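By written order: A, B and C. Residues from 1 in each chain.
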């Protein structure tokens, strides 16, 4: 799920252009006490590196951080040229150019099944940390998608957060009538287009059929002939009913945060990672994540929730010992809590003693009740399906395509396989 | 000049065959052939050999990662003809290049004529109008991304002067996104074209103009029959540079729109990047790069010969 | 031509309007760069109480000092080498009229046509084998080769338009080809050298994708890469970002302003005849 990770790294609005060097005092890298690391966790890895160096005196981490697009280019070039660092960010599952399946298949990642934490991963997380029955990815944090409300704006409008689809449409109309549209939407950054779609698909598609992915894999279901098209219609209905501010296609991720943070909209449909960014823009604001209703039975609602990018160890790591120390540290209660706190997510392992932020209580409850589904693309066979969906949604919103065309194109890409 | 242009033979350091006085021209300069060596070494090592080696991937199914890949002949090229995104990107590339070439040179020429006149601010303007050309492309793109937003300064300015109806969703609307890319590029490089045209204009001796003026020719007539023919070399350089630049345009498109909305502004260059690194179709992306090379080569050689003929006709 | 008439005044006004169009974005850039983040008024309105805090903050947090030093090193060395080898190469290309010389010229011009994506990966492998990855020397080597075609193109055009009498004289006075080149040709190339210097400086300084790949994993960054990283990290803070953008363009702008007078002359020389 490269695109959502980009958001987590808070670099997504210009992912391509977001790359920088974090290691300011680089050594030679030949030292046995030096670990090389490439990460997309801009804004949070810095603190974890500091804690790791403190826990391992004499050890120096030479690291770089970059936005998702850039990172994928660099890591693929480096892996195929034998110049990759010891530890690197790896996305869970498949369907992303730097995902677990993609990198493990040609043998670039070291098997981490022997690590103490590998067996403890909950089933849902384990399935996307593994390839061919072996664990390759130290997945430390998980995230959810839903409607994030600006509580102050909500109170001022006198409206309450909807729990059913019908309530949602009324909510949108009322909010629009008060000149504060319900949700901010920044479609100019194409990864944002999928967020609302995923939030709607969770309930619409997986609500009635939790085994939808297996059916897709077995060739028994398609996007075009499934509730995916109903979800896409709901997305369009939301737009027509004025759920979003005007000009979503000309608004980027950053501008959409600005709207929700300052109460120009009542909220934003996003991942939990956006909360930290909203607070940055409006330190006094209170923000809460709730499921986005997609049908009329509130109890049926499901939320998309999945692991974010974790770390893999280079099969040809120059310093394997330190590399393993790093992933073990990230998966330890201390490292994990540090990471998820900074990123505003939830830990993947139970019993880390993590205090959940009040804004995420709902998400935490959904995870405990097993009312979550993974981000859809993590189980897709290749990266093209997602790319087709992203540009397809932009085309739908700019009147260049119909949902049917886009879903059929996604089916064609899905069938092309890996 | 420290050496006077005389015919006195002097003492040659390297003996020159006396008999070679007239046909000497060739052999004399031929001994400078080794001057080429350092530049050629760098060029061959950095550009030519790696490009030639790169072409090989166009005939493979490599994903850019797996060391295990096979030779697939022309498959990538046949796939390309069936790929709507690629066909569309070729049209966008040609359209953007054509639009940039025409608009940038037209504006550049008008600006050049303006600053080549008697206006008082001419020296200041020459310096100022070229300045955007030295700014980093991605910096320009960041700046314009902000300016062209729905609440950006461009819409703000239009609203401020009572032109609300002109306000647009510049980068988000497929109808305006492509033209916004063209506009930003022209904004940055019109001054570049201007400077080259200006150089051409300054090579036109003022006496010719005065003579033509005395003969009763108006400014338009003077431009057409006196200035225009002498501008041909400047026009040649300008057209070549702007069309090649337009065809290969990458940084601006990627940073402004990322090829979107949808594929509305995808060009060959952005598609090459996406296919290689986002979709993991490295071989295919190199096949696209080969197509881009051919397009640029055909357009620029065609232009070169056409302009060379004109130049000959003009002189 | 040199008289100031009412029509000239009208033209002056039209040109001033054109300058305003060019200036507008630059004005916004500077206007926001000197504005405190707390000031949320329209970007068009002049900032009432300008501050330079953004600049010092961007400078520190973006580690722009190191990037500046790197960019200066890479740009200076690359441009000096490119100018030297290209001027030297252009001489035989302009003066020798054999088929070989023409073919060589066309071969070099092919470099203008090739998209950078083709050579990118094989060249990366070469740099790896030379152990230059992560070092500014990889970039210097890259730019030295990449800029040869365009620079040779500029020099050859200029030389072809230049009379050869002086070189002939130098030859007859007993100069070796190299001496003749150094003492006679080179001084006459001065105008086009200034033009080539500015254009190459701009190209090398502004390159973004190559340093990103070649310096990845090292602490050595160039200005555009540092800026991009900075923008990535401070996505939301446009005042700070704009201040960083201003810092990044000042050095190239300075080179340009210092040499602007000669740029047009350089082109003019190449276009003569």
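Please note the rule applied: a contact is a pair of C-beta atoms (placed from the backbone, for glycine too) under 8 Å apart; a residue touches a chain by one contact, two chains touch by 3 or more.
The structure presented is a predicted model; accordingly, all values stated were derived computationally and were not measured.
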Residual chain clusters - chain A taken out, nothing else repositioned: one piece
Chain whose average C-alpha position is farthest from chain B's own: A
Chain pair, most C-beta pairs within the contact cut-off: B-C
Rounded Å distance, chain A centre to chain C centre (Cα mean): 40
Separation of chain B from chain C, taking each centre as the mean of its C-alpha atoms, in whole Å: 14
Touching two or more other chains - residue numbers and ranges from chain C: 121, 228, 231
Set of chain A residues in contact with two or more other chains: 14, 17, 73, 77
Chain B residues counted as touching two or more neighbouring chains: 138, 142, 273, 276
Residue numbers on chain A that touch chain C, as the complex places them: 9-11, 13-15, 17-21, 23-26, 36, 38, 42-43, 62, 64-67, 70, 73-74, 77-78, 81-83, 85, 253-254, 257-258, 277, 280-281
Chain B partner contacts - residues on chain A that touch it in the complex: 14, 16-17, 69, 72-73, 76-77, 79-80, 97, 102-103, 105-106, 108, 187-190, 246-252, 255, 382-384, 387, 391-392, 394-395, 397-401
Residue ranges of chain B in contact with chain C within the complex: 1-14, 16, 26, 28-33, 35-36, 38-40, 42-43, 45-51, 53-55, 57, 111, 114-115, 117-121, 125-139, 142-144, 146-147, 152-153, 156-157, 160, 187, 191, 195-196, 198-200, 202-203, 206, 209-210, 233-234, 237, 244, 248, 251, 269, 272-273, 276, 282, 285-286, 289-290, 292-293, 296-297, 300
Residues of chain C that touch chain A when the two form their complex: 63, 66, 121, 124-125, 128, 133, 212-213, 215-221, 225-226, 228-233, 235-236
Chain B-touching residues of chain C, taken from the complex the two chains share: 1-4, 8, 11-12, 14-16, 18-19, 21-26, 28-29, 42-44, 81, 84-86, 88-89, 91-93, 95-98, 104, 107-108, 110-115, 117-123, 126, 141-142, 144-146, 148-149, 152, 157, 165-166, 168-177, 179, 181, 183-184, 187, 198, 202, 205-206, 208-209, 223-224, 227-228, 231, 238, 241-242, 245, 248-249, 252-253, 255-257, 260, 263-268, 270-272
